[in-house]
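Note that chain A is present in both complexes that follow, paired respectively with chain B and with chain C.
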Partner chain A sequence: MNDAQSMTSDLPGDVGLVEHHDFKYNQEFTFECGKTLPGFTIRYETYGRLNRNKDNAIIVCHALSGDHHCAGVNSLKDRKPGWWDNLIGPNKAIDTDKYFVICSNVLGGCQGSSGPSSTNPETGKPYFLDFPAVSIKDMVRSQYLLITEELGIKKLLAAIGGSMGGMQVLQWGIEYPCFVKRIIGLATTGRQNAQAIAFNEVGRWAIMQDPDWNNGQYERGKGPNVGLAIARMMAHITYLSDKGMEDKFGRQKKKQQDGNIFDAEFEVESYLRYQGQSFISRFDANSYLYITKALDHFDLYGNDATMESAFNTIESRVLMVGFTSDWLYPPEQNRDIVHTLLRCGKDATYAQLNMDLGHDSFLVHAPALYELVENFLAN
Partner chain B sequence: MVKSRTQRKRQTDLEIISEWIEPSSRVLDLGCGHGVFLEHLKNRRDIQGVGVDIDVSKIASCVKRGVTAYQGDAITFMDVFEKGHFDWVVCSRTLQEISKPGEMLEKALEVGRNVAVGFTNYAFWKNRIYWLQNGKRPKNQVFTKDWGESRADVPISINVFETHCAQNNIKINQKIYLGSDWKTPVHRFPNLLSGYAIYSICKK
Partner chain C sequence: MNDAQSMTSDLPGDVGLVEHHDFKYNQEFTFECGKTLPGFTIRYETYGRLNRNKDNAIIVCHALSGDHHCAGVNSLKDRKPGWWDNLIGPNKAIDTDKYFVICSNVLGGCQGSSGPSSTNPETGKPYFLDFPAVSIKDMVRSQYLLITEELGIKKLLAAIGGSMGGMQVLQWGIEYPCFVKRIIGLATTGRQNAQAIAFNEVGRWAIMQDPDWNNGQYERGKGPNVGLAIARMMAHITYLSDKGMEDKFGRQKKKQQDGNIFDAEFEVESYLRYQGQSFISRFDANSYLYITKALDHFDLYGNDATMESAFNTIESRVLMVGFTSDWLYPPEQNRDIVHTLLRCGKDATYAQLNMDLGHDSFLVHAPALYELVENFLAN
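For the complex of A and B:
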């Protein structure tokens, strides 16, 4: 190795151009709700190389509006890289020179995995609301099939995810105790409280009250765009924080205004409208309904109001990270997961990061988080 | 790597306490700092340990060491556990930084079947002379900071601690007094001659 190489070798790099793959499972799959599908497709991407022992694989689980594309770019024209590109790549916290990283679009989603907008082979039309209700457990079970049957992996080095991704990684530990060595959950919860369910319901109601929703039967691109945009605008507020929004927008006004009293006047209005509009071009309204229901139903506490029975089987080492300004899945809910695990005699670490950006803090540039993730994976 | 004098001093504390702890014990370290103690116990005694500390950078160090740790308030953290959940609760050089040391001890004795306590003896003769000569709190290897930037500081002496135990139904199973080098045992006038004291205590 020459000097120039050794000087640059520790710098974080990018995974570069990546392509997605489709895993087609052709056997009957029974959902947690009892309904079945004759098979399904899961779209996924991988980064890094699977080693000979096949013991360096990490699954990344995405949140409600995320997808399988979490690092690199799909085309050189892409304006932005994958959603967790700051965390995943050569010499980054999840080092793709060491680890083989897998990320799949969840079952019920709309970015290539089977969901309500996929074609029902029986009718030749989209499933629409005939698609079975999907749960966090169903998402994880389909990921397990991808990992074992398609990729031939017998053990995961780690499962990592934030928000709904955090629910999935906990479910991984519960469902496949000896399969996952480490679990990293960020800004997540063992069950949503009433407030979080309430916000999801307002989003769903906005979609379902849009006449173009038409009981879920709409042509691609002609769905309840207004309702979906409103759902996204509102949900987006819950991912931020008062301070985060104040720092970013304050009462700043747009430079150009049309003079109409109800046109976007403040920067924050314009930002939310943009968020809503850009969301409808990439997300399916029915998937939004299905996945928010999966979030609402997720409940590790169960009837006895404690997570102890759910966590009894966990064998993985767990790291949970809460964020001070997250009021959607607040620090206490992340702490409670660790409390319960420790009570059950499990190995669980809790760290809390003081960040202003609310629930979405887990997605932004945060060296303290990178350090935790990198070291937890290495040990 | 050459260890500093303070590091060597800490080593003694750590070695004495880890002799008491049976292999495979469940251990809680209150104010675990960077996790050095738990790492040592894990390697030597194969214990199942968890540390608690309020400072996120300390938790990050623990994660780096492979030590399980919890970021939060040590006293409220203990409320999470049932009586006797831990075989040992370790309270090494923590009590003097707690605003309610009595409450911490009480809870530690509740969740732990045994509690190991280590502290620097504030009534050590050098500290007394320093006070007499200078009329202010000592500043030395142990008390490194000026008043302004020091953390909460509730000095403990051997007399104060043992009186507290006697008054609160706390049984002292073992006590070890060390001299100013924190190594040589001290047998006479410990409150005056001992720089560091280590106890194994439990509920009566």
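For the complex of A and C:
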């Protein structure tokens, strides 16, 4: 390896330095709930180059706590690249030498896209709970406006996402049947079930019972940090697995014990406390409430208790991937989506990866996943 | 059916009206942590009659949120009998016409046994965090004193318990090898693993971050109710199962919606809120901290990472029962206990019941379980 190569590979994030952009949509937008906004902002990043035919674009949809920054670094000082940098970049599964990759922060979010912490032009203050309830469909419809109006793209080569991102890519196929050629959904579901709603509800309850929530009206940084940290700590357990946690932490104790009976004593305890504390510096509690509600409302089964009617319009080729240790959206829920699509005569396939890391398996180093994604995009 | 019979069976709780008793131990008791108390109280109930040979006694050990009241009613107004009334009573699996059944509230608890909310004779105030850290072994040692000193019993026919109760019965076999003839452990583990510690830690964190916790010093009823309710809501999910919650609640919505975006909308949400609220009226937050710590410290594997050395002294016959849908203490963890006992040449057997209700399966109506328990006690 020569010095130049060695320097390059020292940079975290192989797409290099990236900047975000803001798409400002200045027309009235009606949410699924019926409420309207006079316009919205969607923050996004892109990697790779859009080709002349504009037919090499892929949208990446993020999960609950993700954002638009999924590859590369935003500054040379960044110690960590974007959240899906292992998958996206030159010569990676989503090859930025071939594809033009777009990732946007969801509507309702708090990383630059319009959400409850954005300024309400009518009051000059944050929207707080006056922000309309957001659905997965609303997120996708705003992404469609970004793709068509801002980027002038008339067809997507693919939509890919895990967890809530997987819900979005399914909704892409349903809403815009001829627009998306391929759909890749990972660790997701066609319907949020009771257990997943239950965990979200406890998180929301922790936030709303924090006196600093103040019915959603709080100054930036002075919100319900305690409640939000609790919500995150609990949710984080659901992203892992029994075996994954056992392998990573087991019953290992902290080297330095504080001596107080209820201080963090096991490694897994300090890890969770750290997860909770670091989350409050980057996430807005109201956005957490809004987005978890979007998850809880997601139900492609609808009134007739089958997904057939939702999937009838889909024209995309679909790949769904389940992970054996995922107990939040277990493999069966991913497989059921494919079975339904097949019953509808659609082009769909299911892959199941034997991984121990739980729900978050879709985010970690997994050559078997890279291979699946790379080949599905190429063929 | 004649009128008398009909009246009897209208009473909830077939052992009828029962009263609790308090065993006051007035000698110094040294906890496993090294700290001492000048004495303690253990509240208990008994059902059935101790025979002349005093060889028909069974101890029932309760789980985290249980208590000494496991059968019958304490008042004619009680609408619900004790927590294991389906298992204990005349002609039931634990037949009170044959056996003398004892159930005590654990040391560290808050239902009459000494715990952090008990009065410290030195200060006249509750112990709060001056109460010594409690272990599963401490609970069992205090039960042993109750059984031998208060009740004059020299041998137990059996010890039975689920979840934390299962930990206690194993500890009974280890501590007092010739004292307990039979051990029945249900839905339990030989070692609290990382995921179970993690859930307990989030619950403790929610309690300790509640300003009303006040470092453990609060007036009765004015404690960290918000934090305790959150802890209970989350823990309650771990006692159920994905399928159990889906069958019971699915995505069913509340009939009356409050109209506020984040109010309880799904049935499962109001159910959890109710579970949280009803818990704060019957449980002490500091006891919750102490007892979850006892669970987290439970580890029969010890330093050599096998249970063999812990089990070498056991003389009891052991029956362990795992429940297929239990993901808190999965069947494998129960089976591993039996495999280890068999490797040590002990008399042990494992049964696995196919039930959908998750960890709490050991508490619900289950004829297959009744049959197992009845026969294991008789043979």
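Basically, the second predicted complex is superposed on the first by the 366 of 379 C-alpha atoms of A that agree within 3 Å, B and C clash if a C-alpha of one lies under 4 Å from a C-alpha of the other, contacts with A are read in each partner's own complex, and residues count from 1 in each chain.
Here is the rule we use: a contact is a pair of C-beta atoms (placed from the backbone, for glycine too) under 8 Å apart; a residue touches a chain by one contact, two chains touch by 3 or more.
Because the structure is predicted, anything quoted here is derived from the model rather than measured.
Q: Which partner does A:Leu272 reach: the first (chain B), the second (chain C), both, or neither?
A: Second partner only, chain C.
Q: According to the stated criteria, A:Tyr350 is in contact with first (chain B), second (chain C), both, or neither; which is it?
A: First partner only, chain B.
Q: Does chain C touch more residues of chain A than chain B does, or is it the other way round?
A: C
Q: Looking at the overlay, what does A:Leu17 touch: chain B (first), chain C (second), both, or neither?
A: neither
Q: With the two complexes superposed on chain A, say which partner A:Pro330 touches: chain B (first), chain C (second), both, or neither.
A: second
Q: Figure out whether A:Leu319 sits in contact with chain B (first) or chain C (second), or with both, or with neither.
A: first
Q: One more residue to check, A:Val364. First (chain B), second (chain C), both or neither?
A: Touch partners of A:Val364: none, neither chain B nor chain C.
Q: Once the structures are superposed on A, label A:Leu372 by its partner contacts, choosing first (chain B), second (chain C), both or neither.
A: Touch partner of A:Leu372: chain B, not chain C.
Q: Which partner chains sit in contact with A:Leu342 here, chain B, chain C, both or neither? Use first/second/both/neither.
A: In the superposition, A:Leu342 contacts chain B only.
Q: If I apply the document's touch criterion, which positions on chain A are contacted by chain B in one structure and by chain C in the other?
A: none
Q: Mind listing the chain A positions that touch chain B in their complex?
A: Touch residues, chain A against chain B: 317, 319, 335, 338-339, 342-343, 345, 347-354, 368, 371-372, 375-376, 379.
Q: Please give the residue numbers of chain C that touch chain A in the complex, ascending.
A: Its residues touching chain A are 129, 133, 191-195, 197-199, 201-202, 204-206, 208-209, 211, 226, 229-230, 233-234, 237, 240-242, 245-246, 248-251, 261-262, 264-266, 268-269, 272-273, 276, 289, 293, 296, 299, 327, 330.
Q: If we count contacts the way the header does, which residues on chain B are in touch with chain A in the complex?
A: The contact residues of chain B facing chain A are 26, 48, 50, 56, 59-60, 62-66, 68-72, 80-82, 85.
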